[in-house]
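Each structure below is given as structure tokens.
In what follows, subunit A forms one complex with subunit B and a second complex with subunit C.
For the complex of A and B:
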């Protein structure tokens, strides 16, 4: 790529700045303290907390950070919030994660199988594609309501909602992955008579795995969403139920604590389990469009090949 | 895709009869399997509704559609739908304005990019229900909640696309324009704007799919009118028919908008790039 910004005759115009900013991101070196990524991340967190505190000062329904921490400590130690109102922490989280794990363990393989079917066979595509799209289009809250109506206040409702929300996400991205496999590679396999098993393992699985994992990540998000919604409206245990109870008691510190908890739980899961797996799967391939990878060249990643290679080396 | 080869009279003539017959048969098999798929979908619904669950838990398909027809005919329908659509559009337009600014900042300044990336990442990684209930705490039952949550979830998608569009503008075009003595204003209007508008639109299409779900969810939690509220109140009355009918109406409308209207706008806006697949690379 030519270094346009070094050409002397160009005026220092808007467009020149654009060229240079693109140029700069390829060879970005951390400057002073104020431009270090970790500093900016801390700054972002600080801004969020400060805004939160300001809102808490003006809005009586919003608790400040001290109240939330105090509530959280009582919840974790299972002490008393005053009177007979006892703290609960591990049992709602345990219950929710149990349902979540079972639901995902059923939903992801179903979605994967459906996706492979839709991607490889035209008949299966005709049969299943529209149905999958309809299921995907339905907002998870509808699944939540339906499974509450079907199973009442049991654990099956939340599990079913997780399965029904997660499976179409996986199916759609897996089938897209199968169809995106380079056709010439398939033809090459055919002409070199690569055995079916090896072809499946190296070509189909290898080619679909990255999009399958992206789909699974989306499915984990959506599944968690609908789990909380079902628990909110129709369960007698779990994270969503706990938040709902506290909301009904008008206990805003407690309610906010649990909202933050279920946001934090999914973020921890995403960061420490799903994202590393995804990054591993994408090692050899283009990074997905909207992962918001925290390395510094996100906006250029898919438009700029040299930037991508640079990041690979940094890894 | 490679199976869509160019059809010219010559190439058709070269196809043998057998090949033509085979391709016709394949098309019919595909069509039949699509029909069969829909048949199976409807059939399973009827089995579930008439044998497994019975009416109050899952009503038959035709009852839901009849109910939808009756809901559309009621005078209150327009105001509920109008409320939802207005909030959705309000949040979405706010998001468009804010993300255009943020996208510019990200494209032109490393500092802003590093700062904003953290925020955008946070916004995406919070599950939508988190926003819905936070809106409930912050604003109680009010229209502000749905508008703001819709805006918030749309921002990352549009912003990132705008930034990508600006950063990915073909620099050869810019250098050429400067070499031919175009002014800054002309370059901004005729080179930067068209190519970033395109990515703005594709970002908007991505964001819309998330936005309407968010809007529905926050109405379910924190609203006293609109489609989401209707779905919730039918659920609380155990009126599954009405719940499904409202869902069908709203989802159908949103999908039509997403896939017909937005895609058409997208196509219209990209007509100038015709057949140059990766001009920005």
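For the complex of A and C:
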């Protein structure tokens, strides 16, 4: 019905070559292993291990890597470390993860709701902003003592600590996300009379999602740290409790092994759960806010979830 | 038939942090627009054009005076082409279009794609705005305004952020799509070329938000910028601005 072929066009070839030459300079990299992120990462790990071994040589209380591996094997196989002292592996990890999962499942939604409230309502901001900041600043060890006081040596204490540590991280980044939503987009919605529900869902939530996910990643780190500290001082099971027991027995290989496990577990969680989620949320090509999110293989922030580079089209 | 009726419209902005004095953006505007016409409001930067459109769109409230937009006796349905694309960066092009539709249906996507093809963007429906050039994003902005099938179409310098060549090609798209739909349209611009090429009537505004002239443009469409009649009209308009400035300066000094 309509003939569009007569509409004017800019010469495609002109802008296209310009675009291509820009791409070339972007993808051209100086050669060599030292420009590869994966190589640098391996190098960093190697340096850490070497320095560790050197320190272990000179200091009797620092176990070397062989001792750690020997200890780990006994723990996993639940063999004996000597006498009646038995290895334990899955139950401390299982206990900690159970508390952690419950705590995050409660804390993240609470933080999200608080963040939306603080971001949208000036009353809520006045009421809750300082409380959130206090929670953010409070050291986890305070939760350890308070929760032991309130709950004794049960699981509620560590769970509460995870909730109260994670929620403010999420709340702060979500409220910042809400407040950073482009005013001109709010005006656009108003002039087109976009219904409130759709506006909330796609403008407020859509615009907040990336910072919410970044905040959630931080909350996952902080919640895990807090959990371990609370378990250290006020629990009879879990990763923190296990590390403390070994520390009290002056079993330094054991203590070191669990500290390493503690770090490894959160790194695995971040890498295989949180980062893929974050990358999906950023697939419309805004670089993530945390710089440590960008150290991903050979790619950079302008890749989408399927690894394809978002390429700008020209007129 | 759609009508915009503006009576004694004023807008005064109170002092702000970076602007110690209050600003009179609109100074008692009277304007009536009726029927299937494209009216251009022409004036220099800062003379109150965006403020005028924002008030007509209902995004901003007037200090005094009134604006009524009606279609057959009921409040008119308005759409707005902004100076910048104003697309949600996390939604694809077609989802940005569907986002502003008042009712969603199976036809939504096809309608959106139809209007995209009207501005020559048939193949970018599923891309994100960041994957498009500025000119393409602005075409989406235009297509979105036609998609909602408005009674009244507002346009705020839709080509001013683009380079001259891209702007010119977009003007041709707009002429084409407007000629087919003939929506009552209010286009504000600081570009005399643009006004004479697109408008049926040109309203001239000076700083302080005051209308000082109002002329009809009775030239056949499609108009081409090289048409001598357009050149003639353009010179006439520039002369009117010059004598207005002289009069204002004389009146003040």
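Note that in this section the second predicted complex is superposed on the first by the 253 of 315 C-alpha atoms of A that agree within 3 Å, B and C clash if a C-alpha of one lies under 4 Å from a C-alpha of the other, contacts with A are read in each partner's own complex, and residues count from 1 in each chain.
In this text, contacts are C-beta pairs under 8 Å (C-beta built on N, C-alpha and C of every residue); 3 or more make two chains touch, one makes a residue touch a chain.
Computed from a predicted structure; not experimentally measured.
Participant: With both structures fitted on chain A, tell me whether subunit B or subunit C touches more of subunit A's residues.
Facilitator: B
Participant: Should A:126 be classified as contacting the first partner (subunit B), the second (subunit C), both, or neither?
Facilitator: After superposing on A, A:126 lies in contact with subunit B but is clear of subunit C.
Participant: In the overlaid three-chain picture, which partner chain does A:206 touch, first (subunit B) or second (subunit C), both, or neither?
Facilitator: second
Participant: Classify the contacts of A:243 with the two partner chains as first (subunit B alone), second (subunit C alone), both, or neither.
Facilitator: After superposing on A, A:243 lies in contact with subunit B but is clear of subunit C.
Participant: Can A:228 be said to touch subunit B (first), subunit C (second), both, or neither?
Facilitator: first
Participant: Output check: A:134 vs subunit B and subunit C. Expected answer is one of first, second, both, neither. What do you get?
Facilitator: The first partner, subunit B, only.
Participant: Looking at the overlay, what does A:89 touch: subunit B (first), subunit C (second), both, or neither?
Facilitator: After superposition on chain A, A:89 lies in contact with neither partner.
Participant: Name the contact category of A:145: first (subunit B only), second (subunit C only), both, or neither.
Facilitator: Only subunit B is touched by A:145; subunit C is not.
Participant: Enumerate the residues of subunit A that count as touching subunit B in its complex and touching subunit C in the other.
Facilitator: Shared contact residues on subunit A: 4, 7, 10, 15.
Participant: Going by the contact rule at the top, pick out the subunit A residues touching subunit B in the complex.
Facilitator: 4, 7, 10-11, 13-19, 21-22, 24-25, 28, 34-35, 37, 40-41, 43-45, 48, 55, 59, 61-62, 122-131, 134, 137-142, 145-146, 148-150, 183, 221, 224-225, 228-229, 232-233, 243, 247, 252, 255-256, 259, 262-263, 266-267, 270, 290, 292, 294, 296, 298-300, 302-305
Participant: Help me check something: in the complex, which residues belonging to subunit C touch subunit A?
Facilitator: Answer in residue numbers: 54, 57-59, 78-80, 82, 84, 86, 88-91, 99-100, 102, 117-118, 120, 124, 127-133, 135-136, 148, 165-166, 168-169, 172-173, 176, 180.
Participant: Along subunit A, where are the residues that touch subunit C in the complex?
Facilitator: 2, 4, 7-10, 15, 182, 184-185, 187-194, 198, 202-203, 206-207, 209-210, 283-286, 310-315
Participant: Given the complex with subunit A, which residues does subunit B contribute to the contact?
Facilitator: 2, 26, 29-34, 36-38, 40-41, 53, 56-58, 106-111, 113-115, 117-122, 124-130, 133-134, 136-138, 140, 156-157, 160, 163-164, 166-169, 171, 174-175, 177-178, 184, 187-188, 191-192, 206, 213, 216-217, 220, 231, 235, 238, 240, 243-244, 247, 251, 255, 280-281
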